[in-house]
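For reference, chains read A, B, C and D in written order, and residue numbers begin at 1 within each chain.
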Amino acid sequence: MLYRENGQFKTSYRADQQIFPIRQDRVVIVAFLALAFVVIPGLASEYMLRAILVPFLILSLAAIGLNILVGYCGQISLGTGAFMAIGAYAAYNFNVRIEGMPLLLSLVMGGVCSTAVGVLFGIPSLRIKGLYLAVATLAAQFFTDWAFLRIKWFTNDSSSGSVNVSGLQILGWHIDTPADKYLFCLGLVCVCALMAKNLVRGHIGREWMAMRDMDVAAAVIGIRPVYAKLSAFAVSSFFVGIAGALWGFVHLGSWEPAAFSIDRSFQLLFMVIIGGLGSIMGSFFGAAFIIVLPIVLDNLPYWFGIPVDTALASHLTNMVFGALIVFFLVVEPHGLARLWSTAKEKLRLWPFPH
Amino acid sequence: MLKFKPLASAALLVASGLAALATAPAAFAQAKEQFFPVLVYRTGAYAPNGVPFANGYVDYLKLVNAKGGINGVKISFEECETGYATDKGVECYERLKGKGATVFQPLSTGITFALTEKAPIDKIPLITAGYGRSESADGGVFKWNFPLAGTYWVAADVLVQNIGQKEGGLDKLKGKKIALVYHDSPYGKEPIPLLTERSKQLGFELQLLPVTAPGVEQKSTWLQVRQNKPDYVLLWGWGVMNSTALKEAQATGYPREKMYGVWWSGAEPDVKDVGEGAKGYNALAMQHGAGRSKVHTEVLKLVHEKGQGTGPAEEVGTVLYTRGLMSAMLGVEGVKRAQERYGKGKVMTGEQVRWGLENLALDQAKLDALGFAGVMRPISTSCADHMGANWARVHTWSGKAWQFSSDWIEADAQILKPMVKAAADKYAAEKKLTRRTPEDCQS
Amino acid sequence: MGFFLETFFGGLMAGMLYSLIALGFVLIFKASGVFNFAQGAMVLFAALAMARFAEWVPHWLGTDSKLLANGIAFVLAMACMVAVAWLIERLCLSKLVNQEPIALLMATLGITYFLDGFGQMLFGSDIYKIDVGLPKDPMFLFEQTFPGGVLISQEDLAAAVIAAALVAVLALFFQKTSTGRALRAVADDHQAAQSIGIPLSRIWVIVWSVAGFAALVAGIIWGSKLGVQFSLSQVALKALPVVILGGLTSVPGAIIGGLIIGVGEKLSEVYLGPSLGGGIEIWFAYVMALLFLLFRPQGLFGEKIIDRV
Amino acid sequence: MSVHRPIGEVILDVQNISLRFGGVKALTDISFNVREHEVRAIIGPNGAGKSSMLNCINGVYVPQDGKISFRGQTFSHMNSRQVAEMGVARTFQNLALFKGMSVVDNLMTGRNLKMKTNIFQQAIRWGAAEREETANRAFVEHIIDFLEIQAHRKTPVGRLPYGLQKRVDLGRALAMEPSVLLLDEPMAGMNVEEKQDMCRFILDVNDEFGTTIVLIEHDMGVVMDISDRVVVLDYGKKIGDGTPDEVRANPDVISAYLGTSH
């Protein structure tokens, strides 16, 4: 009833092409942003902000990046962690080596470096397809793991190979309280998400999807596979790189290559699949699900005051998590995003389905 | 908001989860007890080593309570599983911090690095007994880090000295080949600077052989060992890497007597299933070795016999178990020392505990009273020195048990001090920190 | 020269073990089109079961005959693997038919988490011992030809022989038995196979059981080499480059691929490693596979695809 | 029906094309040409190599020998992008639509050669990119009207009935504003009404835009009605070429179709 679009007429193609063509959607999204920017920083506990929301935001950004590659361009990648690592270490080097380097700029440069490497590791995709490509991308993963441990220059010759940053600030705004960190990430993520959305609904986005759905036909109507695929790799690793830089700078503050291990890559792939391939919104759903679920499961015993042996608890966590993943793929292989849209379909008629 | 209604179960679970989490920590802030967070890894790749440590740690806390708490203040504690993963560790830190934690023992070099950035802001001291960043021994820069009873640089130096003794004098090391087989991570790389320093000074040749974590595949590493035949092999592994290394050594016929492990490579899980194959293998005993002393019997009597034991009773007295006991004891003693200044029988804050740890004075008498006689040497910290002691012993695996094979060895301050200072200053420069002033030390 | 041979043989033997795990991947991919990331978890699970039963059986039966204990333990462990296979088919695969490969891949990752948790919960997460009496000490060949001779690890040699035997058995099973033929039929075309009355679900249970068997053998060998504990599941990562290099659908591919990777990574680590600072073998294996793929995008022995419009 | 526009010069000339897959000969020494504005049909039994012929022209397959010249330029093999740029569009026998995308998006994809804004402009969208988007959208809407699929704009093509998918396929080709249109069995599997609609569309395109049309079709009736000249392939060889009437009379063609053994 509330969610009816009839009576809303588009008088221009421009109006028809906006992100949320339906008024109710716009209302909700605005309300939601207001909540995120104004209410949450005030209300949420420090634990909530530092241990859940910040990681959630950062990994959503990474998931968006990965989704562009896997969901929109149909190239499976298991090497996302690598590109996060490149983003993080590149940003770190710009930060320490160049005096007075603005924080934002070093983050972006992190993204740029990861873009370059992303394109490099994207080249095989012109020849290798599907699962073969997926496994091949692991080469990137293990190579970067190694490179950042071995090549001292990247870690500014720190004896242990672990690096750290602190005193984050933009134009005098010192980002140190949890709320600051949260807001900083939130802002950045919103901007990136908007850009990502614009790309996927622009013609570059259509080229990616064309490659994904039917590459021969795409070539015949004049899309260059090289350009389409590599641009997807580039854009994807750019966002992933920025996310990596944020993960290091804002969330961890001090990190080692292990922070971007292969488990991270799998975790992100989970987010994209569970959230929904080919959906920006879905990336957020996926991230929320994958981050919060284990923590919730961990905490359950304490909330209900059941004294459970730590080992047992985390075994159970693993089992439930794994089982839920499978359950999800079974009930809704197209992810939370699809659930979301079907829900909206239903709501159009609700409460009078007939 | 109607739109959210039809979203499926999982989405709802997440939402409710978020809501619950928002409120969760607050519900746990209670003040009459001294809360000890316990970061453990009882699962995953490093569980075999993590479990006994965790059991020892918890058993000691239970023991303290059984003996009436810290001057009457009962200890409450909560475990959090890190699985040795940094981001999980950070999550645990935030969670337990919210429940009133006043001292953390990260139990992982990676997590230590991450928390070193957070602790000063939250005013919570970190005890990293026998691990963490070696330069953090310099309390002038690392106000909140306490690598009590030894860092990796101490370990490396003691090993070099012990090898020297075997050879009959450090000068005999000239021209010798020493290979470092290390876990390819910040943990494994910690000793490298000191060893390079020593090799320059003593003129032995240092070979670095990294092993990719977790270290299940080391054939090529040991082929290289066989190829360039080093006189000694230092083993800087953790978890499965240790036992695998010993097995490969056996398979490539490298004499185990020539192998020296760090104190994280010298416990029962590392040699248990190699058995006879590891006979003659040497490793550092941080301060304590294996075997039971007064404190263990107390634990057995007051905790295990009451059916409160965290792990199996036969585990009591194993190397990592005892290290758990010792680490917990150091934390508790820190609180006790703080109470001497800020009021006996009170619950200490993070800052007060920090003072306690910085002014720790565990003389022999105190150790005897605690039942740690023969387990460890006295420890006394100061503003300048957050380590408190730089002694260690070496023990050797007989095929059945660990037996001490060296006397106490003290790491060479002449080498360590300048290195620690230099590294600490570099850190300070990077972070634009200034050294603490004497006044600050008094506070 | 002697040392080169040592490295070379070492590589071959390590490679043989990789192929053993790769085999699990290939079998399952052939028959059900699933890229089974859970293979590593299955190895761990099987090894844990084997190790623990071998420990418990003597207590239950009161015998101390190692052979008997190991024998029974092996049977029990195998039973576990069959049960696992059956559950996976029932609860997961049968529900996910005709999903796109990536969804299936994710499902197997889910299974991995589950098995990791479940295995450790049932059998504990300490480090356990499998002792099937593989010789531990090295032996030396050609001592007259080369100074110091060529060192061969007897354990690896034995392991390689067992692996080779297993491969032969599986090959026979595929070629000769009627089930084997059914399996190949399914591999070629699900619908067609069903239409001539081959029960898909049973075939899948069988395949996963066979893969479980391969996992068990791999688990026993690696277990007795490394000791049984969590990291065992990591060896799967060593098998991935083997699988793509050999071709996802080819049993001989898994074997040859394993040997190439094994030898390649050992030689690279020993001869290239020092100049690069060491620790290169794991990524080198992947890069090697990648280079092969650039020339044959479907792996050495995989089928070629011509796209028709 | 007759074509209002005068048949012009030869614009597409295929010379001695041969194509093999391993041992299999798909095409042997095929030559024929296409004149501007004409409707040119390629017919032949299944497996005669008709689609392979188009794939060679599109650069999907690379023939082993032979040349293809287009508006005077000669190529030993074509590059898909180049072909598209030269104004050759194509529909597919077994629908090669972008299943995951809506009808509008499929047609918009056909405009990709006309879209010039770079990736950064698109990321910001506001300004140039949006203007371009809107302009092209307007063009696509014309095609949607022309093909009478207004009702299905936003539907994912996967959900459309077969007949409509065929139209979308044609629409995507038209969106490229082609000067030559290659149609691979545009009426396969259609009922009579749908076929009539499709014929109408094809002829309208040919009339209104003067688009040259190369058509593969099985339905002899249709072919003979709408095409100006016909090439007949059998087993990868050319067995006939000429006006419908000439071809109808050609004995080889008859035997090929009535299956007399040669």
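One rule holds for everything that comes next: a residue touches a chain if its C-beta (ideal position, glycine included) is under 8 Å from a C-beta of that chain, and two chains touch if they have at least 3 such contacts.
The structure presented is a predicted model; accordingly, all values stated were derived computationally and were not measured.
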Quickly list, by label, the chains bordering both chain C and chain D. A
Could you tell me which pair, B-C or A-B, is linked by more C-beta pairs in contact? A-B
Using only Cα atoms to place each chain's centre, name the chain farthest from chain B. D
What is the distance in Å between the mean C-alpha positions of chain B and chain C? 36
Averaging only over C-alpha atoms, locate the centres of chain A and chain D and give their separation in whole Å. 41
Between chain B and chain D, what is the gap in Å from one C-alpha centre to the other? 72
Enumerate the residues of chain D that touch no fewer than two other chains. 60, 92, 96
Quick check: what residues of chain C touch more than one other chain, meaning two or more? 120, 125, 277-279, 282, 309
Indicate the residues of chain B shared as contacts by at least two other chains. 42-43, 47, 51, 184, 210, 212
Given the complex, residues on chain C that touch chain A span 35, 91-92, 95-96, 99-103, 105-107, 109-118, 120-121, 125, 237, 240-241, 243-244, 248, 276-280, 282-283, 286-287, 289-290, 293-294, 297-299, 307, 309
Along chain A, where are the residues that touch chain C in the complex? 70, 76, 124, 127-132, 134-136, 138-139, 142-143, 145-146, 149-151, 215-217, 220, 262, 266, 269-270, 273, 277, 311-312, 314-319, 321-326, 329-330, 333
Help me check something: in the complex, which residues belonging to chain D touch chain A? 58-60, 80-81, 83-85, 89-90, 92, 96-101, 105, 108-113, 115, 117, 119, 122-125, 129-130, 133-134, 137-138, 141, 172-173, 176
As the complex stands, chain B meets chain A at residues 1-3, 5-8, 10-11, 13-14, 17-18, 20-26, 28, 40, 42-43, 47, 51, 54, 78-81, 83, 85-87, 90-91, 94-95, 97-98, 109-110, 113-114, 116-118, 121, 133, 184-187, 189-190, 192-193, 210, 212-213, 423, 430-432
Can you tell me which positions in chain A touch chain B when the two form their complex? 2-3, 24, 28, 43-48, 50-52, 55, 96, 146, 149-150, 156, 159-162, 164, 166-167, 176, 251-256, 258-259, 263, 285, 288-289, 292-293, 295-296, 298-299, 302-303, 309-311, 313-315, 318, 324, 328, 331-332, 336, 339-340, 343-344, 346-347, 350
